[in-house]
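Read through the structures below before going on.
Both complexes below contain subunit A, partnered by subunit B and then by subunit C.
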Partner chain A sequence: MADTTSKEMQVKEKHEVNKPEQTRPAPIFTPAVDIFETDTEITLLADLPGVTSDNLNIDLNDSVLTLTGDIEPFENPDEEDLMIEYEVGQYYRQFTLSEIIDQNKIEANLGDGVLRLTLPKAEKAKPRKIEVKAG
Partner chain B sequence: MASLIPWKRKKEDAAPRDDILNPFERFFDEPFLPSFYPFNRSEWWPRVDVSEGKTGITVEAEIPGMDKKDIDLTIEKGRFLHIRGKKIKENKENKKGYYRAERSYGYFNRSLELPAEVDESEVDAKYSRGVLKIKLKKRKDSGTKSIKITNRN
Partner chain C sequence: MITSRFFDFPTLGWRSHFDELDRMRQQIDRLMNDTERQTFRVPGTGVFPLLNLTEDKDNYYLRAELPGVKSDDLEINATNSNISISGERKLPEENKGARFHRRERDSGRFSRAITLPGKIDSDKISASLTNGMLTVTIPKAESAKPRQIQIH
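Here is the complex of A and B:
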């Protein structure tokens, strides 16, 4: 791929502070994502360990794609924490989609703590070969 | 391999010029040889929570996107828990390029010393939603233990 500046998908980062609708006090994490492109689609992989599909919200509004995932607090009664490296909280991240993505055909799949979002490119954006006829 | 090294001076009593005169001694000091073992080549490590109760210990590790057969879990001497594996990066031929690559791939190796000795036969490990949850039972007689002193071979 040649040009990374003309991004078809932009990542909105560090939006934690402005988040309006937080209902319970919990830390908010930005999930790690991989975004890659093929001729026909853009794929987004997001690490969301501990999130069930019921607790995952994918919202598309004015070409802003918002991922929100809640982790249910794990409870180990009668156990005392010895080491905590990850906390229970919420995953939150926003992305801006460009018009070339066919927003009606977005597919989402959550498995083993990884969300796979498939964003198909709109027909007009797909590269096509134009045959030159000899006349 | 250890038998090939005849005798090694402790670092603190070694004269500094020894290092210059005998590069072979230095060679074996470096953690060079074990790195051939693939699992020691840790490229990332999962985050882990450990909690302890009266009878058990719970360890939870965030390892999103794994196949459970690729996770290797071992308990050494009832006291050390090793979580190892390799997260495989999916390879698509027609990928044009990456916009973002933040997720971790490759070998990982996480070793934990447990707060108490555990029963190796009573381990319950589950992997779901990208979280590995290991429930360990403490060994009943782990409170006091007589230590056998043996001859070193």
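Here is the complex of A and C:
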């Protein structure tokens, strides 16, 4: 914590979404994500606190990427609430990918409540340098 | 109220607007009362991280969502019945050539203190950080625990 230049963190309210037709009524939240792209791959980082790898579902279908994370109740049933500032629920977010992804090489890594999803671009989607021949 | 007094010209229609607002407020109040939620949700102190505090017979449980925070970067201190949580969330430097499409995750320092409603046994506090969820288990002091009185 010697770094004095780093800024203070601000509170971000969890953003609740309305997904129609739930069998189990519980709030659903949108996880905060970072998405960045290099020439070879797209990387997605998502904050999913409390989600275990068993409860995380990543689905890529027709270039629509769906993240669903379930939370298991972690409170003992005999606990009484004294102060509740945040609510806990499922995570859900969908993205449409504009690039062609090599589905076999997708890597997902979940650690400390952060998902790191690496989506390598398919060969034909990578930019190719075209050589111009003089003549 | 002063505003409604000074701007209370019927021709300007101010009054009706205020009445409308009042009516809406009453409706919202009624809705809130109807739901009868057991826990009162604190609108938020605006200080990161947001905390949930629960209790059972023996312990207080303080929970916070801290995804991506390493336990080495987290510091928890307890004095009397105050608990303070401070630390830093560091996001690893990404490839320089990467183009960002979305950047919603924050990094930075944080520090928060909370006073517990009862006496605690500060020697026996334990904390765990799993899957980005911090749980601090704070045992209540013997004198603060509820006691069952035997009737002879």
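Convention: the second predicted complex is superposed on the first by the 101 of 135 C-alpha atoms of A that agree within 3 Å, B and C clash if a C-alpha of one lies under 4 Å from a C-alpha of the other, contacts with A are read in each partner's own complex, and residues count from 1 in each chain.
Just so we're on the same page, a residue touches a chain if its C-beta (ideal position, glycine included) is under 8 Å from a C-beta of that chain, and two chains touch if they have at least 3 such contacts.
The structure presented is a predicted model; accordingly, all values stated were derived computationally and were not measured.
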**Q.** subunit B versus subunit C as contact partner of A:52, first or second or both or neither
**A.** both
Q: State whether A:100 touches subunit B only (first), subunit C only (second), both chains, or neither.
A: neither
Q. Regarding the shared-chain residue A:38, is it in contact with subunit B (first), subunit C (second), both, or neither?
A. both
Q. Is A:114 touching the first partner subunit B, the second partner subunit C, both, or neither of them?
A. both
Q: Using the touch definition from the top, say if A:28 reaches subunit B (first), subunit C (second), both or neither.
A: neither
Q. When the two structures are overlaid on chain A, which partner does A:83 contact: first (subunit B), second (subunit C), both, or neither?
A. both
Q | subunit B/subunit C common contact set on subunit A | A | 1, 7, 9, 11, 32-39, 45, 47-52, 74, 76, 78-86, 112-114
Q: Name, in rising order, each residue of subunit C that touches subunit A in their complex.
A: 38-42, 44-57, 60-61, 63, 65-70, 73, 75, 86-89, 91, 94-95, 97-110, 117, 129, 131-133, 135
Q: Quick one: which bits of subunit B touch subunit A in the complex? Just the residue numbers, please.
A: 47-54, 56, 58, 60, 62-67, 92, 94-104, 115, 127, 129-131
Q) Can you name the residues of subunit A that touch subunit B in the complex? A) 1, 4, 7, 9, 11, 32-39, 42, 45, 47-52, 74, 76, 78-86, 112-114
Q. In their complex, what parts of subunit A are in touch with subunit C?
A. 1, 3, 6-13, 32-39, 43, 45, 47-52, 74-76, 78-87, 110, 112-114
